[in-house]
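Which chain is which? They are A, B, C and D, in the order written, and residues in each are numbered from 1.
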Amino acid sequence: MTDPALPGVIEDPHTAYIAWSYALAALSLAGLAFVGWWRARHWSARAKAALRAEAEGGEAEEKKASTP
Amino acid sequence: MIRALMSVYRRDVALAWAGGGGAAAPLGFYVGVVLLLPLAMGPERALIAAAGPPLLWVAGALSVLMTLERLFQADLEDASLDQLLLAAAPLELAAFAKGAALWTALGLPMALVGGIASLTLQTPPAAAPIIALGLAVGMAGFISIGLLGAALAAGVRRGGVLIAVLVLPFFAPPIIFGAAAAAAASAGEAPFEGAFQLLGACCLFYAALGPIAAAAALRLQAD
Amino acid sequence: MITVFANPDRFMALSRYLTPILAAAAAALFAWGLPQALVTSPPDYQMGETVRIMYVHVPAAWWALGLYAAMGMASFVSLVWRHVLADVAARAMAPVGAVLAALCLITGSLWGRPTWGTWWEWDARLTSMLVLFITYIGYLALWAAIEDAQRAARLAAILCLVGLINLPIIRFSVDWWYTLHQPASVLRLGGSAIDPAMLSPLLIMAGAFACAAASITLLGMRSLIHRRQALAAELRLARSAP
Amino acid sequence: MTRRAFKGQPSEGLTDESRLVDGLAFEGLALARGSRLLFQDLTACYQPGVLVELTGPNGSGKTTLLRAIAGLASPAAGVIRMGRATDPEDRASLAHLLGHRDGLKGALALRAHVRFWAELFAGDAGQIDDALALVGLRGLSALPARVLSQGQARRLALTRLVIAQRPVWLLDEPAAGLDRAGKNLLADLIDRQVRQGGLVIAAVHEPLGLPAQSLALESLKP
């Protein structure tokens, strides 16, 4: 049966709305998860790099200070 | 302490009026927006009578939003905010005094203009004073919660838009009750019943909550 | 419990394991709940199949509100005890709550279309959810507008707390507004008493959404903490560079 | 501008209860600017009736320290005690803070400024014209503040210290923008405040030419 208010829509309109609802739910959760994961990976890498650079910087200074 | 608060109030009213034409700009904006309705909807009387009172409230809310940006931003920029923090009165009451000054300088004139404009929107003349009174109460509510928006966005360049999006959710209750009160007044119902009382309650609550929250935000801005 | 998460390092160690566990729990609950929601649970006697949208719409509404309440608590802790983690938690929850609120509005519209024949019905609860969605947008806009992270956290906490205090007022005024302008008696979305057979998939789906939201929030908190460490280290590097 | 006694100065100067009982004290004070630690473990005590010259390179935390004493900035660690007051609001009511920016409203007249400060800080509103005369701006009192030069604006800001008596003065580079006469005036005001048992802490780059203790921030590197 077609929905009178929506002439010409596929035979059973309800499955379309249900499908869209679940697809959007999945999309939004997956999108949030992906963005969260990508940002976490990006920032942890950057933090590691910065801390390592700082550590190396520290060692370089110690070497400089220790050599007369 | 009262002297300190009165001095903040008087200075802000003077500043609100001194700034080039004083309240002319926001009032002009307010009337301009009210004018747009008939232009957009055509002169058909019944249509305008239905949409008139609520539009007065929407236009009033937008006009108040325009005046909020400079409320604390100026004080933060020229460091006079520090004076308020060191004053012989708590910052919460100083914020309240600034809100009261803005209400006197701009809120009341807007409510008056709203009452007059309601005549052009086909509302019965008897309703005009009640609508104006409702608008005056509503403006107090808008400005009180607007204090918080202004304080939060004081440190932000061109914070006007930010203030709008921060404060609009809080404008919902006054708009709902105010527009309903205005519609009831123009429908000739008993003036101070139902919606008007709820409007008053909501604006009183904001008048207490706004300054306290704004003072907390201002202390952070000055930190 | 709060002190256990007190310092960021212990939190990072704990969340390293908690995040995947919660994600797995969410997947399991979805696997368990989806067949019930889509197939085995009975259709509604009035709305027919479209009631299945409820299993996504209602959990989204619950957690959009639940996350804002959690943000309110985190904001309170952040303002009163100046907890670094509380700021990070509130900031990490906001986008999840905003997306859930948007999802709730969209699925509400999709559900309304076959039920009421219009894409948007100014139903009291949908309107309140719209206001909550704008509140989320305002919260995120405030964070974005302020450079100093510490000040942004405290100011956003104040805004969130005031928003939380106002939620019941906004809810009451919207309900009052809806009854004032009550159009012809309209079938309320999921208003009829929920048939017990529908209750179990609803609760399972709600649980799945909760685990997913918690996992994503922890992930967000981890990246915010890493971000702070990275920026602080880079700042120190820039300053100490010869 | 001849050096003349401040006519009409309230005779008792600092009223008794506003006089500090036991000065200003820092205990293990640490200050940070955002995430950057400026200094830590500052412990010192200053008796009333003293001028303290705060020195240190740019960005060493002079301004932040003055704002912390006034209760505007919250310290990262440690306690600031002003007389019996440790709570920021209490300290704020005992102090005047003169920052880099003079806190003037361009549209407001000079007299309106001084009257505003007299009432805002619970000072003596009768002294307005004397205060303006003291800083040499008596003639401009009706004009809006935007007409003032930088030095004149600084002099107007100085009237804040005079119009309302407060035991603690926190001055951030007060001499900036002042001409020779202005610097003399500033020295006069500080000298009288110190002799009356007040406490003046001034962040300066070159000494004010008055007997003073000094607090050098660069010696407190984190």
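Definition applied: a residue touches a chain if its C-beta (ideal position, glycine included) is under 8 Å from a C-beta of that chain, and two chains touch if they have at least 3 such contacts.
Everything numeric here is computed off the predicted structure, so don't read it as measured data.
Per-pair counts of C-beta contacts peak for the chains A-C.
Look at where the CA atoms of chain A average out and do the same for chain C: the two points lie 17 Å apart.
Work out the mean CA point of chain A and of chain B, and you get 41 Å between them. Inter-chain spacing, taken between the CA centroids of chain B and chain D, is 37 Å.
Spacing of chain A relative to chain D, judged by their CA centroids, is 52 angstrom. The residues of chain B that reach two or more other chains are 223, listed in rising order.
According to the touch criterion at the top of this document, the contacting chain pairs are A-C, B-C, B-D, C-D. Interface of chain C with chain B (complex): residues 79, 131-132, 134-135, 137-138, 141-142, 145-146, 151, 154-155, 158-159, 161-163, 165-166, 169-170, 172-174, 176-177, 180. Residue ranges on chain C touching chain D, taken from their complex, read 148-150, 228, 232, 235. Of all residues in chain A, only 3, 5-6, 13-15, 17-18, 20-22, 24-25, 28-29, 31-33, 36-37, 39-40, 42-44, 46-47, 49-51, 53-54, 57 touch chain C in the complex they form.
Residue ranges on chain D touching chain C, taken from their complex, read 34-36. The residues of chain B lying in touch with chain D in their complex are 1, 3-4, 6-8, 10-11, 14-15, 18-19, 74, 77-80, 82-90, 219, 222-223.
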